[in-house]
Amino acid sequence: MTTFTASELMTVHAARLLRDGDVVFVGVGLPNLACNLARRTHAPNLVMIYEAGVIGARPSRLPLSIGDPTLVTRATSVCSMYDIFTLYLQRGNVDVGFLGGAQIDRFGNINATVIGDYNHPKVRLPGSGGSMEIAGWANRCYIITPHQKRRFPEKVDFATSAGFLNGRAAREASGVRGGGPQAVVTNLGFLEPDENGELVLTAVHPGVTVEEVQANTGWPLKTAANLRVTRPPSE
Amino acid sequence: MTTFTASELMTVHAARLLRDGDVVFVGVGLPNLACNLARRTHAPNLVMIYEAGVIGARPSRLPLSIGDPTLVTRATSVCSMYDIFTLYLQRGNVDVGFLGGAQIDRFGNINATVIGDYNHPKVRLPGSGGSMEIAGWANRCYIITPHQKRRFPEKVDFATSAGFLNGRAAREASGVRGGGPQAVVTNLGFLEPDENGELVLTAVHPGVTVEEVQANTGWPLKTAANLRVTRPPSE
Amino acid sequence: MSKLCTLKEAIARHVHDGDCVYAAGFTHLIPFAAGHEIIRQGRKDLTLARATPDLIYDQMVAAGCAKKVIYSYIGNPGVGSLRIIRTELEAGRLEFEEYSHFGMISRLQAGAAGLPFMPMNQTAATALEQANPLYRRVTDPYSGREVVVVPALNPDVAIIHVQRCDERGNAHIWGIIGEQKEAAFAARRVILTAEEIVPEEVIRSDPNRTLIPEFVVSAVCHVPYCAHPSYTQGYYDRDNDFYLEWDKLSETPESVQAWLQEWVYGIADREAYWEKVGAETHRRLSVPPLYAAPVNYGEY
Amino acid sequence: MSKLCTLKEAIARHVHDGDCVYAAGFTHLIPFAAGHEIIRQGRKDLTLARATPDLIYDQMVAAGCAKKVIYSYIGNPGVGSLRIIRTELEAGRLEFEEYSHFGMISRLQAGAAGLPFMPMNQTAATALEQANPLYRRVTDPYSGREVVVVPALNPDVAIIHVQRCDERGNAHIWGIIGEQKEAAFAARRVILTAEEIVPEEVIRSDPNRTLIPEFVVSAVCHVPYCAHPSYTQGYYDRDNDFYLEWDKLSETPESVQAWLQEWVYGIADREAYWEKVGAETHRRLSVPPLYAAPVNYGEY
């Protein structure tokens, strides 16, 4: 059996979540790799858009930032940030958003703002950037993150971006257009929301045990009745 | 003495109201002629902008409409209509607006909408177009119109665009940014607002009598103490 | 995935009786060929929305396609009145909603942005606001002063003419860009007509010029001269003579119907129309080229 | 009327102690040379507003220019944290206002449009809205539902780097256009820096490319390589190595002050800076040309 780095594993599984024709709001790092992989394999019509205002990017090199010039050259379109957040995201033209954050909680809420109290934090993180609106308005959101206990508290210190708040009914009551987080892809497996919006373990990667996942999760993690073992990367 | 058509007379006098460097929101017809004349004489730095989204036009021919391609070729900038009405007009970047209409009343309010009742009018006119916002937000507005009694009623049937409402205090109370109408240029002379915002006769063209102007005005027209006779066009 | 089809197919598939239609373009790029095809296909009860209805809607109203117009200026620009729309409005046979240009464009901007409304500063003129109950007010929570608002406009279908696009619908537009982008994003479906269908490499060579992306586009039609008697910047001139002629033609119902018979019902498509327009007009409206300065994106 | 002057003169004239400054650019066209000149001239108590403060504000904060930052993402894009701003914020030595990108950009859009506020749909996340009292709500008068609003941002001065402009300040920008146009229209004064000053004929050959018109511009400065270590599309590449290097440099106050001494205080202007950067870096950041397809405006 071939071995993969945790990053490679997460990238491949994230790529598999994308459908041909999806319009994806891409972040730097793993989401960017996952989108490029998907576009070169099963989703040739994937459209990659960036909060910098780039649509249909065809990067010829791996960009360090989401504002790299290689995203612009040979892109389909470039528009202002105001347009990308209104005409594209708020209007409902984005199928998929990728999110990350310092903390993800039991209901898929994400913290990218502070560890501790907002006004007197232990750590001040970079902040929302585009994630508050992506989490609200993309049809489907996926979270890619290493699986560590400190990253998966029962409740985030600060809810920068909405998952299912304190349950799916709360998100629905808010009237927000997007479908919320559909899956969390980690180096151990998949967490997916149940009918109440609570993240439950639905799949483990080959060789990973449920106990190992629980040990790296900050709340009593439910396991799906039909727990899957993921299909390994094919090369 | 050379003779001029009424249109030529009004064009020359309208041109004289423009200052070098003015940013002018231009309409078709006489305002367009007046701006071109001013730009070629005393105001070489005049910037002509059009509600179609054209800035700094250099028309090489007389455009029939305000959306003519000759306005675009060699213009400084072209933007969307939303941008021209927000970034330029609402933001306060327009010095001068030219207005016309079927009726202009005692306080400089303009009707471009209906003659008669709004829902059952005798005549339905083309409507506001850009004039409601130009009248509200340009620093200075000028009205160019033939002087006829039916065009100068005491009160407009419908106030499409605001002059001084029922007096200067009313416009000021509205908090609107623009200075309102500064002058009405007609084929008989000039009407300008007094301290109460009421249009009074401040100048007559050579050979025109006060009685003639009054006979063509629908309200008891006040005459300025220092009534001027206009300087004729110089060629 | 190519969305290429004939204009006839696009109209049949995407414009239905009772739809709200926005055929975009402020003077420039008005998709006359699409209006004529809608007339030929006999659509009824349309709501025709446009800041400036222009001759295209005058003709569609004359042909009995419309039950309502939404507008901000019903003139023949630089000429005078739109006689047919005006007559129908004055006779009470046509419903209407009226705005200022800014109100109309703000409705589209809200629709395009996915917002329920857009705010506008007060203009001190309140008559139209009082006449049209869709104008409302909200209080600015910072100053306590009121702003005027209009609701989002989301047409069922927008029809947008462009200089060039690829077969998926990524479109370059230049010259007067009026409200094309806003109409495309606001509408539920978009029919694109283009002077030229180009390889996607042409579009991708200048991404800042792409105002409309493929994924809001439903159909792409190659229709040269689609905009006549309006114009396409760089391709042909505005036919001001026809705009003046229409003012006379539209004086009587008989002459309008005769014109529709000859130039719309009696014509198969825009190709036949342009041939019928004739070589002299082709020459009169032709334009010598004048190119933009080069722009270097860099091979990154 | 020419507005050409040196960057030194422009900063001296238009940036004052206590001003709110918006040095625009999302990753692209960040006017580093202007930030360095502000540091050299010793400005104090500035409010530094930017969606992404980037290294330019990290450096200005390190130099003691700022009393407050207004932002939506305080990261070193793709690298990590902005260590100096973060340290100052955590220590309570720097005031701040925080938004999401959309909130920040909506503030600029309102400021540019002359509106008191801009509405945004709810996102279901309310923590930041509760933490920042400048977020408010208004009720949509059509649906009765609430939208979130932010107030207009009107900086005292915006600094905008562009590919090319004429000496009056009419500017062509392409590539990522972020919030440059909005910042220019929102600000009370605008300093334009440009890779190239071109005859107005070049600008007028492509009016759709002109995002900033002369009459919002206060000063025009010819500053090639102004954006390094950020980039100018078509002119030079982003210096990703420096973005990575800053992460190490900014680990200690001593190394930051040494860097400022060597690269800002010890340097006369951008020309001297670029020479000091050296030929190898010049080569590393050079970019082969790749031109946009021709665009024909027509000789009307």
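Each chain gets a letter, A, B, C and D, in the order it is written, and its residues are counted from 1.
Criterion: a residue touches a chain if its C-beta (ideal position, glycine included) is under 8 Å from a C-beta of that chain, and two chains touch if they have at least 3 such contacts.
Since the model is a prediction, treat every value here as computed from it, not as a measurement.
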item: A-C or A-D - the one linked by more C-beta pairs in contact; value: A-D
item: Centre-to-centre distance between chain D and chain A (centres being mean Cα positions), rounded to whole Å; value: 29
item: Centre-of-Cα separation between chain D and chain B, whole angstrom; value: 39
item: Interchain centroid distance [CA atoms averaged], chain A/chain B, Å; value: 57
item: Junction residues of chain B - those touching two or more other chains; value: 54, 68-69, 72-73, 78, 90, 137, 177
item: Chain D, residues touching no fewer than two other chains; value: 114-115, 120-121, 145, 174-175, 177, 181, 205, 208, 233, 237, 287, 290, 297-300
item: Touching pairs - complete list by chain label; value: A-C, A-D, B-C, B-D, C-D
item: Chain A partner contacts - residues on chain D that touch it in the complex; value: 26-28, 51-52, 71-75, 77-79, 81-82, 86, 89-90, 92, 98-103, 105-106, 108-109, 120-128, 131, 145, 174-179, 181-182, 231, 233, 237-238, 240, 243-244, 287, 290
item: Touching residues on chain B, where the partner in the complex is chain C; value: 28-29, 51-54, 63-69, 71-73, 78-82, 85, 89-90, 109, 113, 118-121, 123-124, 126-133, 135-137, 158-162, 165, 171, 174-177
item: Parts of chain C lying in touch with chain A, wherever the complex brings them together; value: 1, 112-115, 170, 181, 185, 200, 203-205, 207-208, 210-211, 213-216, 297-300
item: Complex contact set, residues of chain C against chain D; value: 114-121, 136-143, 145, 147, 149, 151, 172, 174-175, 177, 198, 202, 205-206, 208-209, 233-235, 237, 287-300
item: Residue ranges of chain A touching chain C (in the complex, touch as defined); value: 21, 23, 45, 47, 54-56, 58, 60-61, 68-70, 72-78, 86-87, 90-93, 137, 177
